[in-house]
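Here subunit A shows up in two complexes: once beside subunit B, once beside subunit C.
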Partner chain A sequence: MKCRVCGKEANIRLSAYNTALCADDFLTFFERRVTRAVQKYHLIDQTDSTLVAVSGGKDSLSLWYILNRAGYLSDGIYIDLGIDEYSRVSFEKARLMADRLGRRIYRFSLPALFQKGIGDLSKVMRRAPCSLCGVLKRYLMNKACIDAGYTVLATGHNLDDEASALFGNLLYWKEAYLYKKSISLEGRGDYLAKKIKPFFLCSEREAAAYAILSRIDYVYEECPYSVGAKTLLYKELLNKIEVTSPATKIRFVKGYLERVKEQEARPDPERCARCGYPSYTETCNVCRLVERFGTGEAIRIECFEPAQATATPDISAKADAVV
Partner chain B sequence: MKCRVCGKEANIRLSAYNTALCADDFLTFFERRVTRAVQKYHLIDQTDSTLVAVSGGKDSLSLWYILNRAGYLSDGIYIDLGIDEYSRVSFEKARLMADRLGRRIYRFSLPALFQKGIGDLSKVMRRAPCSLCGVLKRYLMNKACIDAGYTVLATGHNLDDEASALFGNLLYWKEAYLYKKSISLEGRGDYLAKKIKPFFLCSEREAAAYAILSRIDYVYEECPYSVGAKTLLYKELLNKIEVTSPATKIRFVKGYLERVKEQEARPDPERCARCGYPSYTETCNVCRLVERFGTGEAIRIECFEPAQATATPDISAKADAVV
Partner chain C sequence: MCSTQRAAASGAYFLRSTARAFFDIGWPLCYLIAMKVAWEGKVYEMEKPLTVGQLLERFSLNPEAHIVVANEKLVTEDCKLSHEDNIRIIRVISGG
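Coming up: the complex of A and B.
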């Protein structure tokens, strides 16, 4: 198996593209795919400032790294969910990357606000941890973005995440959710940040290979609450189809992207009467949660400056040359 | 595990219905589901005469058996695809059932018309056997139905067939095919028979259990050309989801049925200038095929009378009482 670009021994086979690449050419290939997606889908403008949602996993750390390498200088936001050792290690990895990039990282801590982690909070609320986590994360990341003056929130959702979520929505005909996802969702005024997913068309395996080959130190473990999650089963099944029919996942998600464009423009979301952020109800879920279970402290987001301003390896010139 | 109905030892667990049943009560349950589907979806009217597409497999033989038991007296049509031993055994099973029911069976033989089986025919045509088989079967079954004066063509497609086909169409966004399937498709005048699928909401496992418990002698082997078919993989994957989330398949297909109703009425299909049966092109695929590869003989459908007119076990009174 030879590298399609340089002819040397290949390190990774990419069946979806019917090709194989060596480590160096794979890194270039992957970065090019991401920067091209940023440009093609107008994810980040010259006037934008970007905040990356960083979990400490391979996807978000690779994304943060690539965006900075490509000249889209961006800071990070980390949500401490209070899942003991898992959260401690995750933040450690996130700070390591902040230092490597010489960028700022923000942190919001659930235990500081509720004196409880997501596990205990979900118990007292009698709600599944993953669904509660989703609500809180969406709210806090948006708030961090807006409050700290960033215009774009970038998340590390990859092709497998999108394909499995889409699959679940189709399987149960959840039309209300079906066309709410995209590679980019426009923001609104000063209360809803634009959201982008530059890895939308990059598989989980590619993102993992990129992280490993770039020596990115990330949390290998999945979140302990994700055990048995349906999306993990859907990912496994879609990967079985991918083995016999390569490129199925990317065709599935690209087909979706084409159709999502045809959807009508979204109306402006309603706003919470208390905090002013988007809400389907008069007072938003998070305001009610804080009122009921909060310690009385305001939602506070910490900011950590990088330990040292290291020089970020810059691929922006290269990326421009490519396109 | 006790039978939900009689409290005796259960023989089959039906997770999708959160129940378990003994052999006798399962047979009643299954027959009731089929006869209710026939009534609820208006599959067969009192004035209809029904022809069942019989392959010799568990689904079509069980269907033929149940329809006759329920008083929907119907004959069979068998297509001999010329797949050597497989075809020979399949027809044998079909005739056994014809004799058991005391009903007529029609046969159309591919080798008689082309001097070739489906395998050789697909080779000379450079077309996948399954796709060619689909075209020929659709045509010949409709022709048999119309020519012999039947008004309804019933096929044994089960829940797993429908769910896997639907899954494939969604995965590859085949919108052209997406809303063309249903539990019932209306006929047109004297050239297109009404098509019905009374097992649309019955799983493959249930149909197999019914066949075994009813001592129906069927062909166990899958068609040799189906090896590696994508639909088999899709069925396997959907069954994995079914294990963790029972009733997923039936919700998926029922959700589809609800949506298919909303589709616009189908326009009348165009007709072949030569044979008058439905066609997308001026001369239909089968007429062109016969012209190119046929022996010169007209399409001839044989008719076999049952060996003896046995009394069909009748559940029609029971079925009526149920609804």
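Coming up: the complex of A and C.
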């Protein structure tokens, strides 16, 4: 198989785009797709400052790397869920990237606040670890953004994440969640940061290939709680269809994006009486959690400066030259 | 053929093929050096050289959910792998 652009031996076949590319041309292709999505969907403005939710996995590390390369200088936030070795290694990878980019990384530690990891906390609360993790992450990442003065929170959700979530919501007609997903969710005043997903239309395979080719050192291991998660089954099923009918996933998600535009603007979420962050009840979930199970200390988000501020290789100039 | 006969016959074949590999370095060598594939923390030996597509099929893996790396380079499904290649299969799907 030959590269569509330069004719050299191809390194990756992209059936969804009916093409094959060599390593260099794939990197350019992928970066251009991400920066174009940022521009087309107005994800980041000139005046914005961006914080990337970093898990240590391929998607978030690649995203952090690309945004900085494209001139959207951004820092990272890591949530330590206290899953022993997995959390330790994940943070190590996140710090490696922070140093490579010469950017700051913030860390919130669940065990520091509750003296328990997500596993034990979910047991005493009788709640599934993944749903608890979702609530905590959403809250803490938003808080980190607002408190440190960032206007945009970027997450590494990819095409497969979105397609599988959409598939699950449709399958069980979870209409309350159905139209809540988008490539960007506007922020509200001084208590809710704008949320963006620049990899919305990039497949998980592309993100992994990008990470490998860019020599990004990421955690291969799965979060131990995601084993047997329904998401994995949906992803597997969608990939079976994708192999026989390429571009199914991207059409599915693009079709959704067109339909979600027609939905009405959502009302402002209420604010928690205690912390002031978004909540659907008088006191938010996290405030109640901290009150019941916390050690009495306030939520603290640490900040780590990079080992040395290295200049980030900038592709924004290159992109301009092409235009 | 009883089991002892079978063992004796295969032993003789092994000696013969080893001898041939030593002396004429012909086709039996390919079968003596198996193709090694790293997958999920284990190393598997494949008796015959394969293409990347055939390799994924052999492991029943979906090409949309896996990437094959040979000698630290990404390879497409039509690429022919040989026993000298250092091969790794990487799973790209995570729970998220």
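Everything below uses one rule, namely that the second predicted complex is superposed on the first by the 319 of 323 C-alpha atoms of A that agree within 3 Å, B and C clash if a C-alpha of one lies under 4 Å from a C-alpha of the other, contacts with A are read in each partner's own complex, and residues count from 1 in each chain.
One rule holds in what follows: a contact is a pair of C-beta atoms (placed from the backbone, for glycine too) under 8 Å apart; a residue touches a chain by one contact, two chains touch by 3 or more.
Nothing here was measured: the structure is a model prediction, and the numbers come from that model.
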Partner chain(s) touched by A:157 [first = subunit B, second = subunit C, both, neither]: second
Which superposed partner A:195 touches (first subunit B, second subunit C, both, neither): neither
Partner chain in contact with A:181 - subunit B first, subunit C second, else both or neither: neither
Which superposed partner A:137 touches (first subunit B, second subunit C, both, neither): neither
Partner chain in contact with A:252 - subunit B first, subunit C second, else both or neither: first
Which of subunit B and subunit C A:244 touches, first, second, both or neither: first
Subunit A residues touched - subunit C or subunit B, whichever exceeds: C
Touched partner set for A:100, first subunit B, second subunit C, both or neither: neither
Intersection of subunit A interface sets (partners subunit B, subunit C): 240
Subunit A to subunit C touching residues, read off their complex: 1, 10-13, 15, 20, 23, 57-59, 157, 160-161, 203-205, 207-209, 212-213, 220, 222-223, 225-227, 229, 231-232, 235-236, 239-240, 242-243
Parts of subunit B lying in touch with subunit A, wherever the complex brings them together: 170-173, 228, 230, 233-234, 237, 240-241, 244-245, 248, 251-252, 255-256, 259
Subunit C residues touching subunit A - in the complex, by the definition given at the top: 62-65, 67, 69, 73-79, 90-96
